[in-house]
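Which chain is which? They are A, B and C, in the order written, and residues in each are numbered from 1.
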Amino acid sequence: MFSFQTIVENFPVLLGSARYTLLISVLGCIEGLILGAVICAAALSNKRWMRRIAALYVSFFRGVPLLIQLLAAYYLLPVIGINVPALAAAVLTVGLCAAAYLSEVLRGSLNAIPQGQAEAAAAIGMAPRDVWIRILLPQALKIGLPAIVNELILLVKASSLVTVVGIVEITRMSQSIAAATYRPLEIYLAAAFIYLVINLVIAQAGRMLERRLTV
Amino acid sequence: MTFYTTVKSALLGLGALAFTTSAVLADDLADIKAAGKIVVATEMHYAPFDMLENGEYVGFDRDLFDEIAKELGVTPEYLDLPWTSILPGLEVNKFDFVLAPVTMTAERAERYSFTLPIADATVAFVQRKDGKMTGPEDAKGMTVGVQKGTAQEKQLEAYGEKIGGITVKGYGTPDEAYADLMTGRLDAVAGSAPLLSYLANTRPDNFAVVTPPFGTPTYFGFVARKGDGDTLVAAVNDALEAIKADGRMAAMQEKWFGMATELPATMPEL
Amino acid sequence: MTEIIQRYGPDLLTGFGYTILSWALGTLLGLVLGFMIEIARRFGPAFLRYPIRAYVEFVRGTPFLVQLFVLYYGGPLIGLRLDALPAGILGLTIYGSAYFTEILRAGFDAVPVGQVEAARAIGFRNTTIITRIMVPVMMVSALPALVNFAIILTKETVILSMITVPEIMFQTQTMMSETFAFVAPILILALFFWGFVELISRFGRRLERRFTHYLLDRS
């Protein structure tokens, strides 16, 4: 028998834990964008060793499951003397992983910008760094917006894995409540519902932003 | 730790990409006392020792450690970590002390510093109320769940070899194993006696403990780092003795296990 | 070290086996289910569209871990009691199908209408149009995305460890808690997946070349 009662009673606690889900995915996405821009710049650099490093970075962070990356950040970093609190480790790792995907998004978007723009800016004497930050990056962000929003949605879902470093976000909280109430079906469905709503809202906000930027 | 301070620490960690060794965690008793707080980790899925009720951490361990921290004169801070992350986490200084009940084994004692026993850890089976087992030897040929990476798992495997075959399935937490016992995927779950009697007492319509326990008698202790944590363990042991002496221990045992039992005042042979 | 390899080597190999098995079956069945869903959406009755859309949105909007918990721990309450491995493979299948169906949709959309109309005009049946015209043309544009998602699925398999499927992550965690060593096991895991993913993407590129071979010939 399906018990709505169980869902109603536990919903506030479950919803409260969503703030960690949001915090980790939003900060992770911001970190991913900043770092992703750097890696993208390296991938497009005319120095071979920089392109190599960028390729290696992308291949590693896209090739290894996030769950394992999280364990590595939690256990392996302290071995080499870097000890970060769980939440910082989670945000850091999620962001490092997102950077690999977002650098590819930015690279794709940059390809869509007419070559002439960068050349014109260089011709009027803008420094390469300024061309990059003022001309190319803002446009790449705009063109890549749908993909960036998509990445944020993936991050919201991926944040369910940070339970392994001890952060009580939606998934961990639903595990606890399921154990206490012996109502796994109801509780996990409620958790799924919260994720779904968050992601639908993000997708909608992304579409609105996209429309505003293209006007 | 409030949400906002954790947010702040996350932002700091993010901003600096966190290339600093943590100064927050203390290494030994002196550091903890200087900091005025002790960070302890457990998995809050281990009723009646550790559990979450409406998002709040409660249980025997919580009550006991609140008292121990009082004796030490420091503020406790509780972390919830998956069991398989806890012992490695202690080694890399993620926290000061393991509050999860750790079954005392000779191998672990070589690597970690145990406190005095805090509860009985002898292994038994629990089955569904309508289960057919009348004694532990009936487990032969059955599918039995157990928390993975635990001393109970090893004992179950050894027992399976002795009686001629048990299919062992490992779970992240005992809660998930109980859930799978209810779904009928498992015939029984192996676990420490206090956990199973708590389960059977709180849900008598669903579960029944199979008596007698099958494992060799063992105890739970808490754990600190070897070397650095030795002074801390000594202080916790003193606190434990004080808590036993004035009857607080018996009251907590009554509250969580339904009965008070005498615990060894010296380290048991492993 | 040799002692550890002797003790855990067989377990790790079993783990690799389960990882590869659940990935391969999950991807294959997910692709089949995704294809059927897309065919139903494209050629089936109109009332199917809303349930299909809700299915796709639900699966893509929720974490795989949570879906797996619903399926494994919630399923028995409504009479669906699967063992861990079938539940894990079914979970991967469902998760994959929602993404695959969207990829296939974009691929089918890219098939020039004229080709289908021409085929119909010369009397091809619907099934023949799908298998002989639409699928081969669609594969050209959809293949990179399909391979990419197959790669994403390799990484989702580690989550099966949380419902007791004895795959590589599960074996490694057992090894970690028994030996108290964690640096080497994590590195082994990372390297395994890195290599596995590289292998699949190489294979995917070769497959792409085969499907687009005829395009190169003509240019």
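Definition applied: contacts are C-beta pairs under 8 Å (C-beta built on N, C-alpha and C of every residue); 3 or more make two chains touch, one makes a residue touch a chain.
In UniProt terms, the chains line up like this: B = Polar amino acid transport system substrate-binding protein.
Just so you know, these numbers come straight off a predicted model, no measurement behind them.
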*In graph terms, with chains as vertices and touches as edges, which category applies: line, ring, star, complete, or other?*
complete
*Counting C-beta pairs in contact, which comes out ahead: B-C or A-B?*
A-B
*Centre-of-Cα separation between chain C and chain A, whole angstrom*: 22
*Centre to centre, by mean C-alpha position, how many angstrom separate chain B and chain C?*
38
*Pull out every residue in chain C that's touching 2 or more other chains.*
73, 77, 182
*chain B: positions in contact with at least two other chains*: 88, 176, 179, 182
*By residue number and range, which residues of chain A touch two or more other chains?*
71, 75, 79, 175, 178, 184
*Name, in rising order, each residue of chain B that touches chain A in their complex.*
3, 6-7, 9-14, 17-22, 24-25, 41, 44-45, 47, 51-55, 79-82, 85, 88-89, 92-94, 173, 175-176, 178-179, 182, 203
_Footprint of chain A on chain C - complex, ascending_ = 57-58, 60-67, 69-70, 73-75, 77-78, 151, 154-156, 158-159, 169, 182-183, 186-187, 189-190, 193-194, 196-198
*Give every residue of chain B touching chain C within the complex, in rising order.*
83-84, 87-88, 91, 111, 148-150, 154, 169-172, 176, 179-180, 182-185
*Show which residues of chain C lie in contact with chain B when the two form their complex.*
73, 76-77, 81, 83-84, 162, 164, 166, 170, 173-174, 176-178, 180, 182
_For the chain A and chain C complex, residues of the former touching the latter_ = 59-60, 62-69, 71-72, 75-76, 79, 153, 157-158, 160-161, 171, 174-175, 178, 184-186, 188-189, 191-192, 195-196, 199-200
